[in-house]
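Both complexes shown next keep subunit A, but they swap its partner, so subunit B is in the first and subunit C is in the second.
Let's look at the complex of A and B:
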């Protein structure tokens, strides 16, 4: 039972990193990307390769995962941020579709459909951190650092500039904001953090393949942010707990047959999304009118 | 009159077959308040959009201090000291009043602003001063979306005021204001002009135009028909006829 709970907690922490990083884009900058799983995947493959070819150091793998995701996010940001709103969503959707194909076919880098297996046990500065509780502590520390950094940035001029762009792009430009540069910066930052999450994920699973980086995964991360609440630190974490723990909780309900859990889960997600959009469009813990 | 701070020369803009702005010349002088007057669809807001780089001109020139700014991006022109407001205000709705004003004066597109603590204090002082002059100090921590209509209008001016811009382009800033708020607005704009700010104002309320404007430029169908002293322009029966909907041939 303890191992099961530790497993859930570790996955929730990694998804917390993903949701917090996507919240930078959606919640603070108003950029809707449906390709976040791509950068999660890039970080995972880069981290795994570093661990397999060089040294299985968590710090090094996170840096490599973040750097690769950041670098390749420029491929999305530079052309796609010239367009607005729904066009960016379409561009990110295109990237997501393309990336799944590349992940499946680039055998030398990703292992293809079979994925990368045999990722060594993680170390941190020479110390073994592979025990479940210890690795969870490492993941929690990374999440805490990321949340702290996001909090500092969003309370400063960078955050205000992003929120200004989110609320009115033309007014932000009229007050001297270089909108394209700011958007590029936040996309690179958000994707880099997703890459860090990917590197941790690869160590935790000790195996990565394309199934973890599909459009469904991107939509799940987006749902975590939207349901939990945008533009707050707590919102995405609430979303993660709800969407990740819900399936686990349902499996404990004796009156739901195991074969029906998936259907019940989908029904609850759909109902929750619809009710939220009607009664609380900013999400459970998101900013609402008259309150911060 | 001193040399113009901002000049528009032969500015042209067509949207498909519609000539939105045609061969417009206009000079804005330091400390002078010019009102752009004309019926709906005259091209007044389009002229603002051309000056601020929001839409590209087909031909003509926009000169700031004698140097061309045509073709530059809106954020670059804003950093040169040309501030504008919008008819629909475009406030940063989910941010507080104080954040709205602070965001308006933070230009650097990097993770933090340069200049350290002293620059930050100067920005904070500019924000507090702008809030005080616009009567928004008590609402500083309210979100823009929660403000009353007149307060939103004053917030749109506070953002411009805090920037310290040399040129203000105000698009119907007093429309819909009650008499008390209107008087406060007139006083605020007069004070700015007295401090040397160059102001160009689009306004449909001719009482406000009469109260505020040093000069009037009259536009119709994209062309400037007249420019001069408010008394002369507003006494011209042909212009007034056009303004109130009697079409010229």
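Let's look at the complex of A and C:
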């Protein structure tokens, strides 16, 4: 039971990093990316390769994962600078679909459909951090650091400029904000943080394959941010807890056959997304109507 | 010869994509709603047809059931999801998320009822014959091509010649002025949803007979319609249909050059390139938003 709870807590922490980083794009900058799992995946593959080829150091793997995701996030920044609204969502969908194909075909880097197996146990500056409780602490520390950084950034001029762009791009530009630079920066930052989450994920699972980085995963992360509440620090975390605890809670209900849990879970979160958008578009933790 | 064969199957896939994408473009053009649950309409129609043929009903009954379900779903999405959202906020992403949520709901219901695997309806139409050395063609190719051309001509005539069709086109241009002329924008938008959803039905039935259905098909169809609508120029019916045809052909020709696995990605490479270099698409006006 303790192992089960620790497992749930670690996954929730990693998804917390993902949701918080996507919230930077969706909530603060108004960049509606549906390709977040791509950067999660890039970080996971990069982290796994570093661990397998060099040293299984968590810090190094996180840096590598973040760096690779940041570099390739330019693929998302490019359409973000050129188009808005529906067009950008379409572009990010396109990116997501291309990435899944590349992930499952680039055998040398990603192991194809079989994935990367045998990721060594994690260490941190030479200490073994592979025990479940210890690894959870490491993940929590990373999440706390990220949340702190987001809070500081969003309170400062960077965050204010971003929100100005979100609310009216032309007005922000008229006030002399460098829209292109700010947008590129926030895309790189958000994707790099997703890459860090990916590196932690690969250590925790000790195995990564393309199944974890599909469109469905991107939608799940997006749903966490939206259901919890965009542009708030706590919102994405609330969403993560709700959407991760849901399948766990459902598995305790005796009348749902275990094979159907996936479908029932999807049904509930799909319905929750639709209903929330009708009755409370700011999300559970979001401010009431009028803001945004 | 391989390329000619792939080109022919590309045309067949493309005809289905073209009709479905035209439905999506019709809805977007008239109502400015990015109807991502259009793929769910397609899936519902396909599975309705499948359930009817499995129950031993003749094909016209199945087609009618598919049509009724698709139109009902489109109208319900308009009345119960999009309208309430637009009443209080109407931000584009809110609509997108709600529609995506509903499409997940439909997919999970289909999974619960019909299971996760592939299902098909066997039909004599899909029997392929050799028409030239190395070229195989099934009758369904002619059905797909005929239906696509006939429906496209009908919809174009409807939009250009009838009062209701002109009203629909006016709705996209200026809803306020439309109201001043005493037309109900509400009724017209319901009509756009009904007509657009109906356009997904033939493709769904043909797909049930050819490549088969699975619950995830709603996502695939949604992505294809969206890609075709953007490549064609958002809101342009002609553009979406042409782009749908193009995507179907590209998807199949890629198999001749690269591996089968790359075929699904090919369409999205086209999409991505268009958004970067020509966001207005083949026939669209310049992006204004």
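Quick note on the criterion: the second predicted complex is superposed on the first by the 284 of 292 C-alpha atoms of A that agree within 3 Å, B and C clash if a C-alpha of one lies under 4 Å from a C-alpha of the other, contacts with A are read in each partner's own complex, and residues count from 1 in each chain.
FYI, contacts are C-beta pairs under 8 Å (C-beta built on N, C-alpha and C of every residue); 3 or more make two chains touch, one makes a residue touch a chain.
Keep in mind it's a predicted model, so treat the numbers as computed, not measured.
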Which partner reaches more residues of subunit A (counting touched residues only), subunit B or subunit C: C
First, second, both or neither for A:114, with subunit B first and subunit C second: neither
Contacts of A:168 with subunit B and subunit C, given as first, second, both or neither: first
Partner chain in contact with A:271 - subunit B first, subunit C second, else both or neither: second
Contacts of A:133 with subunit B and subunit C, given as first, second, both or neither: neither
Touching partner for A:157 - first (subunit B), second (subunit C), both, neither: first
Touched partner set for A:176, first subunit B, second subunit C, both or neither: first
Subunit B versus subunit C as contact partner of A:86, first or second or both or neither: second
Doubly contacted subunit A residues - partners subunit C and subunit B: 289, 292
Parts of subunit B lying in touch with subunit A, wherever the complex brings them together: 52, 54, 73-75, 78-79, 83-84, 86, 90-96, 99, 102-113, 143, 145-146, 159, 163
Complex interface listing, subunit A residues touching subunit C: 26, 32, 78-79, 82-87, 89-91, 93-95, 97-98, 100-102, 104-105, 215, 219, 222-223, 226, 260, 262-264, 266-267, 269-275, 277-278, 281, 289, 292
Footprint of subunit A on subunit C - complex, ascending: 34, 81, 84-85, 88-89, 91-105, 107-109, 111-112, 219, 223, 226-227, 230, 234, 259, 261-262, 264-265, 268-269, 271-272, 275-276, 279, 287, 289
Interface residues, subunit A side, partner subunit B - complex: 153, 156-158, 160-161, 163-164, 166-168, 170-179, 181-182, 185, 231, 287, 289-290, 292
